[in-house]
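You will see chain A twice below: alongside chain B first, and alongside chain C after that.
Right, the complex of A and B next:
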């Protein structure tokens, strides 16, 4: 009975967790997948479908360091045994595409310290910087048009009716489909990549922001009108300040959206940035580097978002729901 | 307007002491600030037309306190919104100082039930809003705002944000925010409806205090009979479906008002009259189902609470 109530204490429907529990569970959300990964990597009896050959014995086609299917290894092992030849030796292993955590951890460090393989290649941090620049410009250009248009759509039905039907149609067109077209128009370097991110972000941005704008409590606008606010002043003095915290939240979500278009964008024209790094490392089967690069994107994304969330709480002190946590 | 037979049985609410009578005579000699003539409001919906207000007429004099009362669906909120200019009307005339109302304006302040304070502005900035919108410099607007905050007793909360205030305090800010524009009339649409009984009583007394000290005409919408009698000079009683004026009652309770008067004969007589008008006993409305009829018993026969 006691243990039951203890457990149910963790599952209050829509109840805030205590600060202590928040921290514990927050860490657990990262630790859990890492633990699973460790178990799969370090416990030979979990999965490990291959055998890493350490001693080829008398099997003529085996090579040292080769990863071979368990059944084939077993077959050859019995084969050699019955023929009285030297048996091969090996240890259970995972496929090459699943490196162990410590290998990836090492790759994190070496990725930044290893000079590029080719002479004109880029260092890891240079590749990353290239990607960040593409994201930045893509997002800025999209927002420059998307935010004002979204707010206008949410405020004036005329604007909404004029733009939204077409945008609704256009947002279903997959951004990468415009790759070839954008290369033809903007060349092979950063231009088309930025364009793909803009296409991927802009249309969603307008719709999301116009929706947020529409959710502003209309009675605030009425109150402002009874205080003698002219039609044109309403936008600047009521609508925009009123939606700002939610607009900011939308922008955080949309920035994450922009990142998802990055990899496709960077494959267009001449490959560049973190994508080039990842595809090259995959080609050489350096999968630990591939994972390291993917995780770095994750860390940059999470880091930016945490920073923006922190900044938002500081900027919008008056917004109670946002500051509740 | 008043039926002779009801007059004899409920005469006392029409009886005014000499003092009250002179007050009303004086009041009616003041200039007319608001005049509503044969006002109609028809909503066009998919199901057809709904008449919200039909042939509503009344006059309000300068510095009068008018309460508009009626059952739900009588269009009292619609009337307030038309006066504020937030809603159009289908027929008739609405004149403020003899000029027709066209859209919202600073000459008609409004206090809503839902507070509607701007959450991103501090209390003082909320009060300054109307002045800023009417191109008054921020230094002067700040001084004015402080003055009005003092009037509603919230000068200590000038730099607080609305979410830090209680309901009653929020509504006081809303009153200050409306009054800072020095409107001709103050429209209040069930402003104390969301407050608890105690806060409500305090706010009523506070509102009367403000009204006494300021050149303001108040049109106050409520569905609370006691509130209407306690506050008003005259009570405009509307009936529902369609919203029509039933009677414009002159409240015979002398001023200054206080809570002990709620048991005075004038008060009770007025309340009885309002109740008779708003909740007529014989006629049950079609959409109103009597509660006690044939209620199923869910407890043991022996287990009685009364």
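Right, the complex of A and C next:
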């Protein structure tokens, strides 16, 4: 029964894990995929469906550095052998779209350390800064309108009835489809890119926030009204402080949402930011660079989110998940 | 007090933000502004990078700004009137114009000289071998045109084969899957296909039909009329660019500049340059002489127009004479 009690120690229903265990599990959530990736990359017997040609021998169409299916390589090998010609040589390899972890790590490092080859080209961190600015303004503009509207929708049914049906409709329209239109209206530089992020974020934002507002305990509002508060004070002193921790959480999630629109946004108008790097490298099949760039975005996203979570814990000390500690 | 300053600084932030946004969003162009052109990833267009990096426009007294785009996005920007000129194929100039963005082709950069190709799977040795078989390409674009041209030369018709619509980027995998006898494709996807399918070979390329696909700078008629003297200065710069790229002494430096634009090594980039035949000023001038046949931009564009109408890319044939102006070559 020992193993059972061991398991139940880990699998308590809605029981918080000890700090130590939380850390272990947190690392494991990253280690697991990395280990799988390593295994597929470094253990040839797991996958490696191709052969990377190192020496072409006498096969007329082989080229050095070419990746070829195992069966075809074997055929040509036997062909050459039986004809007494020079046999080709090669090592097992994965398809070009699955580079090994160390290749990606190297690409990650060189991406930042390589000066721009082009005369007035941008360093990697400058390209990233371009992308971050687009996200930032997209999110700020969306929030400037989305947050107040969401709170009003959640508080007053009349506002909700007026706006929500249309927003429900509009949020299904794919933001990237507005690309050419936004170029026509806003030009070719950052304008249309920011607009795509706003379109992608705003409508979800209103609905998510109005929903959060509606979940505020009604007894709080009732109590305030019994005490004779004015409508403005009700919003300002009861509703907004009441939903603030959840609103903050929503905003964290929505910021991630905004990031997912970055790549399509940056393909609109002039090519810019991290997307220029990704599309350019992908076109010429330098997939290790593509993975590195994708990871960079991931790290920035996760980093921002961890920071905001830490900040949130300090700002809203009273707000804790209702788990058993 | 503290709260107040905070609010006012926040207001300031919003104010500056909205101001800077207005600047970012407004792009009215008046005479004093630089000419704006959109260019994209094709050796004949990337060639201009040499002039950009060397500062040759300034030397020529020309204020011009090159903005880097994806090919499709560059056409969108031109169609929306956000740039004065764009680099495209002559066939695509017609497509953009048929949609309402009238344009005038004023400079030829190159013609495709092998970068577009029909690749047959192992065993398929010529266009004739395609009879009754399936061929994949992206319908309505240049390689479809190339395929029809190849069929015609082999004495065949489009109905002799079965066309399958495949996105250019997916053609290598489509050929590898084995159903298709051949694909129509351009670089760099063509090289991928040749690598991916051992034994596959190009059976017809744009090198066998020079002038089928010209690449040009096409500009808005309004800009051409109001800024004609500025546009004319381009031709001298282009002459310098072609000389610099073709001269063995300076070629290495030119390839280095061009490959940097694409984030490639010079050695990688050189492969793609062979398939593009840059046209010097004299050669461009010769191609601007009105004639039938693919040696003339006129004949080539008429051919592309017929192709576009036949494939319902647009309905009405375009008046070619509105699209071609040899003003730079005079």
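Operating definition for what follows: the second predicted complex is superposed on the first by the 313 of 325 C-alpha atoms of A that agree within 3 Å, B and C clash if a C-alpha of one lies under 4 Å from a C-alpha of the other, contacts with A are read in each partner's own complex, and residues count from 1 in each chain.
Please note the rule applied: a contact is a pair of C-beta atoms (placed from the backbone, for glycine too) under 8 Å apart; a residue touches a chain by one contact, two chains touch by 3 or more.
Bear in mind that the values here come from a model prediction, so they are computed numbers and not experimental data.
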Fit or clash between chain C and chain B when superposed on chain A: fit
Which partner, once the models are overlaid, touches more of chain A's residues, chain C or chain B? C
Just chain B (first), just chain C (second), both, or neither: which does A:314 touch? neither
State whether A:19 touches chain B only (first), chain C only (second), both chains, or neither. neither
Which partner does A:191 reach: the first (chain B), the second (chain C), both, or neither? second
Put down the vertex angle at chain A formed with chain B and chain C, C-alpha centres only, nearest 10°. 140
Output check: A:220 vs chain B and chain C. Expected answer is one of first, second, both, neither. What do you get? first
Min C-alpha distance, chain B to chain C, superposed, in Å, is 16
Can you name the residues of chain A that touch chain B in the complex? 217, 219-220, 222-230, 233, 237-238, 241-242, 244, 316-320
With touch defined as at the start, can you tell me which chain C residues reach chain A in the complex? 17, 21, 24-27, 38, 41, 49, 52-53, 67-70, 73, 76-77, 79-83, 188, 192, 195, 198-199, 257, 259-264, 268
Chain A touches which residues of chain B in the complex? 84-86, 103-106, 108-110, 112, 114, 116, 118-121, 129-130, 132-134, 161-163, 174, 177-178, 181, 187
Residues of chain A touching chain C in their complex? 61-63, 66-69, 72, 76, 116-121, 137, 140, 179-180, 183-184, 186-191, 267-271, 276-277, 279-281, 283-286
